[in-house]
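Got some structures for you, see below.
Two complexes, one shared chain (subunit A), two partners (subunit B, subunit C).
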Partner chain A sequence: MSAVDLLNLVIAALLLAGVYAAMSVGMTIVYGVMKIVNLAHAGFLMLGAYFVYELYARFSIDPLVGVVLAFPVFFFIGLAVHWILIRRIPSSDQPTLTSLLLLFGLWLVLQNLGYLIWGNADRAILTPRTLYVLQIGPISFPAVRLIVFGAAVASIGGLELVLHKTWFGGAVRALMQNSDAGRIVGVNVEKTARIAFGVGIAFAGAAGGLLAMLYSFSPDFGGSFLLRAFVIIVLGGLESFAGVAIGALILALAETFSILVLPASYQPAIAFSLLVLALVVLPEGVAGLWNKRHRLA
Partner chain B sequence: MKGRLNKGVSSPSKFAAALAPFLLVAILALLPLLEPGSETIRLLFVTFVWVTVSVAWNLLGGFGGQVSFGFAVFYGLGAYAAALSLNRGISPILSFLLAGSVAVLASLLVGLPTFRLKGPYFAIATIGASEAVRVVMTNVSITGGASGYRIMETGTFHQLQHFYTALALAVIAMAISILVQRSKFGLALIAIREDEEAASDLGVNPFRAKLLAHALAAALTGAAGGVYARYAAFIHPQGVFAFSVGVAILLMPIIGGVGTVWGPVIGAVVYGLVHEELIASFPQLHLLLYGSLLILIIFFEPGGVIGLLEKSFRVFAYTRRLSGSHPQR
Partner chain C sequence: MGNRQDLNRLLEVANLELAYETVQVVWGVNLKVSRGQVVSIIGPNGAGKTTTLKALAGLIPVRKGRIIFDGQDVTSEPAHLRVRHHLCLVPEGRQLWARMTVEENLLMGAFSPPLRAKAHQNLNRIYELFPQLKERSKQACGTLSGGEQQMCAIGRGFMAEPLLLILDEPSLGLAPILVEQVFQMISRIAAEGVTILLAAQNANQALQVAQYGYVMEAGRVALEGVSDELRASDHVRRAYLGVSN
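This part shows the complex of A and B:
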């Protein structure tokens, strides 16, 4: 393998990592604030993909604009789901049987709604720029991937800004670190959880739209990405946003380079192997490793 | 626990309650004498298989509180292990044992890394495992990959032989479930479900108990997969490893009542009948039905059918007492 091939693969992995991170942050924020593993995340990824698709197919709204529109729309869907279902789950400091089964049930419902509305045929979003490739010297950048990467990074950057510069962001970070202490200093847990859930779903919808620009999709679209998102947040230590970025990069690198030694059809198995490996070697995620070193120093 | 056991046989109604399971099994075992159609026998066979896996899931999920979405892995691996060994002329009983052992090995692969940790890791890993195993099995050439695998057995097909095998397996599963519920091991599992830290302070080893329950459940599920495979004579990854199989295995004990001995049995019977008769004619809607059912049960009756029965009995007894028709004991 030449150096150029290697470079191309690294760039491909980096571009993939961006969208992987975008689809995982929503799950991290929900887990962090509520200690709920949002299994329905996959369903919202799928709905996001169809949302952007329908806007493009019916009203010829550019998919990128569709992704931007997905944020507010899915935010309100998230608020509604929280109001109808999630707020009734007894709060706990770790995922309960109730929350897992409830969100799993919601995922099944969403998936079936997808089948009822769109059938099980694969769809894809094809725009004039889908096949455009930017060539810089020997290195090629598929334009869509660059755009998706840019959008993903911008949305994560926006989230970071909100988390660090606003009262809401401070409340979210407080609850993620210690919900009791957060309550004591005056964080409205119920309200923060509701908004955090809305943000989580907003990111799921938008990330689904971004993924739809890269891959074809069907109502069962979210499943394999759900697993990837899990692996990423476990690698990232479940509750850390920096960890998500690193986890996304590790998974993207592993998947991209696996093509050299494994048939592409085994890719979902890679995510799982990485999960088992991570649990054995780094149960606290990459962030845990960093913390440990920090503590020792 | 001991007290309950000792006074169990003293009153006639409790004696009848203890006798009921034996009677039920005897009736089911004698049923073929009435010569019902082969379709009824098939339905019962499938229900016995469902009862086995439902009871198995409940050992870990119901008593131990560890939700697994990945029991299709054990079911499918058991089916394939039994199929491969049957085709090599190994006797059915040995094949089923082999199916159970393969499933136990798989259960360790998921359990060893995840059960040491608190948190959602186990549930997450089970989703991953079922996804990964299905992908691998659709690509493995020795079992025909995605196109499936046929079991070639010499000798004639006796439906009743399959019927009794499945019945025996379901009875074994029930016996294990009853023994676990009455044993110290069962108490340890329930303690882990309620509060893992407190349980571990009281001298329970959560890691070992969860691993053991998982392995036990896997063995039963794997054997059930093997029994089913031998009957079906043809298996393929999208069938036995299907996501919907994993969903079904988890749904049955929840419908019936998690953490009880009889709940999973009721759930499996309800599911078996509903699935075969109703949902099969609305394939477009079955996920919607499962999903809504899950949400509704979790919100309104987490105890499932058993919980509902207990509640209505209590209401019934209460109103009877109020109306005075029944003297207070």
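This part shows the complex of A and C:
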């Protein structure tokens, strides 16, 4: 393999990692604050894809603008879902069976709602730039991938800024690490959880829109990405945003480079294998490596 | 006379009964703390000290009884609103956010909206009182030593401009020299005019720093009194100060 091929693969992996991270942070924030594994995340990824698709097909709204619009729309959907369903789950420091079943059920409902509305035909978002290929010297890549990567990085950057520079962000990070300490200093746990859930769903919707710019989709779209998001947040240590970025990069590199040795149809197996490997070798994720020295006495 | 006493009373706990699920652990506890005082609760592990303090902070629901703080009934007020009365708990085991920096931990102490405007002013005051924390301000809390963590936890409580600072086992698990340091810190905060309610298994130091003390045993107040009297009492001497007659 030539150096150019290698570089092309690395760049492809990097660009993929961006959107992988974007689709995973929503799950991480929900898990971190509420200790709920949001199995319905896949359903919101799917809805996000159709949201952007419909805006483009009906109103010729640019998919990128659609993704930006997905943030507020899905944020409010998230608030509503929290108010109707999630707040009724008894709070716990561990993921409970109740929450898993509820959110799995919600996923099924969303999926079938999708079939009801859009049928089972595959859709894709095709814009004039979809097939445009950028050529920089010997390196070439689809422009849309770069755009998606940029949007993903910008949204994650925005989230990081909110988490580190605002009182709400402080509350979110505090609840992720120790919720009782949060209550002592005056954090309203339920209110923060509601907003965090909204943010998580907002990211799911927007990430779904980004994925729809890259792949074709149907109402069961999201399942394979849910698995990937799982792998990424397990690799990342469940509660760490830096870990998510690294987890996304590891998975993207593994998947991208696997084409050198494996037929493309085996690609989903990469995520499964990584998940098993991570659980056996790094149960605390890559974040566990640097958190070891942060243990509280 | 009675009226004047009422004005001077910061905290009054009456007939407090607390339980975890179905297991009752506190049975009719009465406590009184006057403004400007340091009051200690001593007693063995499992006596209900921590449970009582958690209930004061609103972390455990009150089954029976009342908690009056600064003239207001806060018995059923949710935990996150109590800090607005300037009632602050420094919990057992410190409960810091290990992956946040010292400064972030301290600033979170002023999370409650009415406190935010003065957050940085209060932060500087803490740095003046405890220069060690300033040196470590950009470090993740999890990397601090036990004594520094305790200092940070007390500092976080101090950020809420406490009328009452509740300290639960501030010296637990610390080396003797650090225990000394922590109690010096408590004296310094008391000298700032902050009322302190302190629970500790270390009866000797807890009673030294306090003016008044309670002895809790098996979920009840077994004994109370001015701390010098308590220290002189046979029961306390034998059970808590390790003095045999």
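Simple rule for what comes next: the second predicted complex is superposed on the first by the 292 of 297 C-alpha atoms of A that agree within 3 Å, B and C clash if a C-alpha of one lies under 4 Å from a C-alpha of the other, contacts with A are read in each partner's own complex, and residues count from 1 in each chain.
One rule holds for everything that comes next: a residue touches a chain if its C-beta (ideal position, glycine included) is under 8 Å from a C-beta of that chain, and two chains touch if they have at least 3 such contacts.
The structure displayed is predicted, hence computed values, not measured ones.
Undergrad: Applying the document's definition of touch, where does A:266 land relative to subunit B and subunit C: first, second, both, or neither?
TA: Only subunit B; A:266 stays clear of subunit C.
Undergrad: Contacts for A:186 in the overlay, against subunit B (first) and subunit C (second): which applies, first, second, both or neither?
TA: The answer is second: A:186 touches subunit C but not subunit B.
Undergrad: Is the number of subunit A residues in contact higher for subunit B or for subunit C?
TA: Looking at subunit B versus subunit C, the one contacting more residues of subunit A is B.
Undergrad: Answer with first, second, both or neither: which of subunit B and subunit C does A:165 touch in the superposed model?
TA: Touch status of A:165: no partner.
Undergrad: After superposition on the shared chain, which partner residues are touched by A:178: those of subunit B (first), subunit C (second), both, or neither?
TA: In the superposed model, A:178 contacts subunit C only, not subunit B.
Undergrad: Enumerate the contact residues on subunit B facing subunit A in the complex.
TA: Per the stated touch rule, the residues are 61, 65, 67, 69, 109-110, 113-114, 116-121, 123-125, 127-129, 131-132, 135-136, 138-139, 243, 247, 250, 254, 258, 284-288, 290-295, 298-299, 302.
Undergrad: For the complex, give me every residue of subunit A touching subunit B.
TA: On the subunit A side, the touching residues are 31, 37, 39, 85, 88, 94-95, 97-98, 100-102, 104-113, 115-116, 223-224, 226-227, 230-231, 234, 238, 263, 265-269, 271-273, 275-276, 279-280, 283.
Undergrad: Quick one: in the complex, what on subunit A touches subunit C?
TA: Per the stated touch rule, the residues are 167, 170-171, 173-174, 177-178, 180-189, 240, 291, 293-297.
Undergrad: Once bound in the complex, which stretches of subunit C touch subunit A?
TA: Spelled out, the residues of subunit C in touch with subunit A are 57-59, 78-81, 83-84, 88-89, 91, 93-100, 104, 107-112, 115-116, 140-143, 145-146, 149, 156, 159-160, 173.
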